[in-house]
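Both complexes shown next keep chain A, but they swap its partner, so chain B is in the first and chain C is in the second.
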Partner chain A sequence: MSKRLLGLILVLPALATITLLFLVPLAASIIGAFEIEGSYGLGNFDKAFALYSQDILFTVVIVSLSTAIIGLVAIAIGGYLTLGENTLAVSILRWLYRWPLFIPFIVVGQVLRTFLAKNGMMNNTLVSLGVITPLEATSFLDWRGIVIAFVWKQAPFVALLVSGAMASLDRGTIEAARNLGASRLRILVEIVVPQVATTLIVGLVLSFVTMMSVLSVPLMINAQSPTMITADIAFRLNAYRDYGVANALGLISLLITASVAWIYLKHNVRSQA
Partner chain B sequence: MSIADRPPGAIETIGAWLLGLLWILPLAYAVWTAFHPSAYATRFDLLAPLTLENFVAAWQAAPFGRYLFNTTVIVTMVLAGQFLVCTLAAYAFARYRFPGQSLLFALVLMQLMVMPDILIVENYRTMFALGLVDTLGAVALPYMASAFGIFLLRQTFMTVPKELEEAAIVEGCSSLGVLWRVYVPLARPVFVAYGLVSVSYHWNNFLWPLIVTNSVETRPLTVGLAVFSSTDQGIDWSIISAATLMTAAPLLVAFLIFQRAFVQSFMRAGIR
Partner chain C sequence: MTSLATTTATARRLPRIDLWWVPRGLVLGLLAFAIFGPLTNLVLWTVAERWYFPHALPLEYGFSYWQRVFSPRGNAMESLANSVFVASLTVIVALALAVPAGYALARLRLPLRSLILVAFLIPQAFPNLPVYVNIARLFYGLGLNGTIPGVVLVHVTHGLVYAVWIATAAFSAIDRELEEAARSIGASALRTFRDVTLPLAAPGLMASAIFVFLESLDEFTGSFFVGAPDVNLLPLLLYTAGAGGNYQIASITALLLLVPSIGFMLVVERFLKADVLSRVGH
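Moving on to the complex of A and B:
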């Protein structure tokens, strides 16, 4: 058998799956987003924006805010693991920070729903400690709950990537800066972070895309309006069987993630140039 | 002297413990609620009695054993499928030249940027047309040709020295024999890392199984938990927490056992 033919045969199972379950549905959902009762137009997008423009904005703001906080937390964790001098504190942090990695989003949503509620564990503990009065207790089950859930779940993932990259850096420059009297914060910001920027950005882009497609967290923590695009898609499908608007919302979501991926690619091309 | 320059000591250790405990607080809270009577679900009392009744109640109220079995079957099917399909494709992309190769590889890369969740509506229609709705296969099928897996394995296979392959051919290995005896063993750390990422992703997957399954026989743990906590239990947080822990426990225990291997493989594979 010729090598060319063998190569094609080896790729065939992957190709069939990609065609059937990626290319065809992608094309169909793009077409479906423009289809209105047999004809084509922008009606589904008009409807999506009329009904859900607030939710689209809410999604972008929430996910961007979460991404920014995840970046800061990941740098802080990675930085402490790399530059921390107290070996006991470093090993405690190393042991604890990875836990949320293996907890499903739905479990995170479930746990935080009962933890952050007005009469949940957090407020009851604060009341019993005398930090707040029962009247001052407020529910965090809104945008704050979603951000907390996202940061808690995704920060360990980015921290894992970033701390790996930090660990493989040349210790020479760090030690030199330390000998010259630079503080750890300064070493982190001026020497370590610039060198792991690519890894950090990759982790953040992957987290952004992941968070854009999470349904369980907004559904459990903040089902009321405004909510996230995924909850709207599920609602259009389950309540109305409205494939057109659901596809339009999916395409809008795809364009948002694609623009973030584009930023990454641009950064990558620039750093390789 | 700035704070950062002070010699490390007790304050740093206490700070690390406090931050660490704050970090696992939600999880610790779920454990607390699950192991105490519901009267203590939102009240912290060190002397509160311990109980396993919430687990018994949750186990009896919903078929968690069946859900666990379903999740295990789905995760195994996805992993076996991905290893087979991705390994063959990655090998072809790394070592063969065939018509349309660049175009096909570009398609694979394109898939990397699109979350499968976006395609849910159309994938559901496909599964419906194939008569696969509400089967375990339907949950697994869309993830078989993972672009990430193909890309990762192709990059690894390309680093394998050609001389090894040539030596194996001289020894009488066939093309697939070379793949099985040379490439796969050398890429073992990458397979382990990819396998762990894949298992944790599919163990936790929610949206697609939620849409494509609608019976106890096919629901995975995550969907089972959602159904259980939304309808059956009202707001009995203790039982829901027990169910929540049962859902996450197998993965957490596996994580504790394989922690070192996982992190090392993750780093070595250079996932980026």
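Moving on to the complex of A and C:
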């Protein structure tokens, strides 16, 4: 039996699961996006854009902003873990940054809803430090809350991937640059980050698509308008049983994530060539 | 390796105290507050009997909500048992699918390898809601709606990306020469896999099992459409309590979901070594 055939046989059960339980219903929902009372057309998209174009823009901005912040935080954490020279500070950071790593999204929603609320610990601390007066205390449970929740949950994940890749880099180049007098920031930007770019992009792509499909965080932190596409889909289904517009919104966010997955594919093909 | 000049300068002014601890302490302190502040706030809510704005701390502490959650009539115990049972079954099914697939993706020449890897990402890439609605319709016809096997199948689909990607990375991190050595002294391909490859990949596979377990515990959307109201799971309990404005019950449920997650965080590096991590997604 050829290796190719054996490989395909071994992958087949897993691929079949994805096909039957995801691709088939996904196809049904894509077809459903064009279905209007038995015939086909673009009516669902007209309605989706008329009602929710603001939310679509809001989703793209929120998720892109979160991805950018996650990338910066992850590079900062990974960079300090790799280049930091104070062993005590490095081990404190290593112990500290990972706590949110595996906390479920729905729990993150609940945790930050209590923390960012008007009488949450964040406002209480700001008040007791004298930064704001009690009258100025406002709830952060809007777009800021969503970004904070996403960064809180996903940055440790990307930092873990990135610091793992940085740890397996060749120390020789770093030491050589250090001996030549390069600052640590310059080494991070010019030597370390380019070498872990693939891992960083994988982590950010995974985070981007994860954030695009989380329903619990927008529902728990910011259910008012403007909100994220996922919350709109749930609303269309629960309130109106409107599968057409819900499926159209689903297809729109699929196109957004597909363009990001495309970046990953292109990068992967280039690095293997 | 601070340069000699700064070291002597610091030593002259402040013997034995490293001034860099000021910015370091500030940043680490802020990070600690950002991470533990929210968690402390949640724990406070679980023991708060009365708490409203503008009071910084609860007005009354007590465990009456814990008694309500864990009373024989409360549905938390049933949800907890269901969640753990569903997650365990999900791990078994997902690994049975992911171990052969990961081995093939790591070791055997596959056409369209990148495309196959991305195929497992699809369930994470598409907002699951409309898909789960269509799965619910499909399962209804098959009699799987509102059953444990139905929920397990949805969770397996959702968790396969972690299972397959981490299994692939775990297998490709193994030194090929060890397998070749076993083959050259006469071991069959199957025996080599069982006695050499599988034990070496075990920590990575363990990590992928735990990932899948936690993903299943976390899963909310699919459980809601396929499982509810017949199969009660912890995330559904948390959401309904939170939506009903009952912060105490929601926080206690959240704490129950937190414990296994934080436990895994503390031991993750024992299973997921840097050489495996750097290969995830390649």
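Criterion: the second predicted complex is superposed on the first by the 253 of 273 C-alpha atoms of A that agree within 3 Å, B and C clash if a C-alpha of one lies under 4 Å from a C-alpha of the other, contacts with A are read in each partner's own complex, and residues count from 1 in each chain.
Definition applied: a residue touches a chain if its C-beta (ideal position, glycine included) is under 8 Å from a C-beta of that chain, and two chains touch if they have at least 3 such contacts.
Just so it is clear, the structure is predicted and the values come from calculations on it, not from any experiment.
Clashing of chain B with chain C is the outcome of superposition onto chain A.
Look at A:Phe22: by the touch rule set out above, it reaches both chain B and chain C.
Of the two partner chains placed by superposition, only chain C is touched by A:Lys118; chain B is not.
In the overlay built on the shared chain, the residue A:Ile132 is in contact with neither chain B nor chain C. In the overlay built on the shared chain, the residue A:Arg184 is in contact with chain B alone; chain C does not reach it.
By the document's definition of touching, neither partner reaches A:Leu255: not chain B, not chain C. Of the two partner chains placed by the overlay, only chain C lies in contact with A:Ile229; chain B stays clear of it.
Contacts of A:Ile106 after superposition on the shared chain: both chain B and chain C are touched.
In the superposition on chain A, contact is made by A:Ile92 with both chain B and chain C.
By the touch criterion defined above, A:Ala197 lies against neither chain B nor chain C after alignment on the C-alpha atoms of chain A. On chain A, the surface touched by chain B in one complex and the surface touched by chain C in the other have residues 3-4, 6-8, 10-11, 13-15, 17-18, 21-26, 28-29, 32, 85-86, 89, 92-93, 96-107, 110-112, 114-115, 119-121, 124-125, 128, 152, 160-161, 164, 167, 198-199, 202, 209-210, 212-213, 215-216, 230, 233-234, 237, 243, 246-247, 250, 253-254, 257-258, 261 in common.
Contacts from chain A toward chain B in the complex involve residues 3-8, 10-11, 13-15, 17-18, 20-26, 28-29, 32, 80, 84-86, 88-90, 92-93, 95-108, 110-112, 114-115, 119-121, 124-125, 128, 152, 160-161, 164, 167, 181, 183-186, 198-199, 202, 209-210, 212-213, 215-216, 230, 233-234, 237, 243, 246-247, 250-251, 253-254, 257-258, 261.
The touching residues of chain B, counted against chain A in their complex, run 2, 4-5, 7-9, 12-13, 15-17, 19-21, 23-27, 29-30, 32-33, 41-44, 84-86, 88-89, 91-93, 96-99, 101, 104, 107-108, 111, 113-123, 125-126, 141-142, 144-145, 147, 150, 175, 200, 203-204, 206-207, 210-211, 222, 225-226, 229, 235, 237, 240-241, 244, 247-248, 251-252, 254-255, 259, 263, 266-267, 271-272. Partner chain C is touched in their complex by these residues of chain A: 3-4, 6-8, 10-11, 13-15, 17-18, 21-26, 28-29, 32, 85-86, 89, 92-93, 96-107, 109-115, 118-122, 124-125, 127-128, 134, 137, 152, 160-161, 164-165, 167-168, 178, 198-199, 202, 206, 209-210, 212-213, 215-216, 219-220, 229-230, 233-234, 237, 243, 246-247, 249-250, 253-254, 257-258, 261, 264-265, 268-269, 272. Chain C meets chain A in the complex at residues 1-2, 18, 20, 24, 28, 31-42, 44-45, 51-56, 96-98, 100-101, 103-105, 108-111, 114-116, 118-135, 138, 153-154, 156-157, 160, 164, 214, 217-218, 220-221, 235, 238-239, 242, 247, 250-251, 254, 257-258, 261-262, 264-265, 268, 272, 274-275, 277-278, 280-282.
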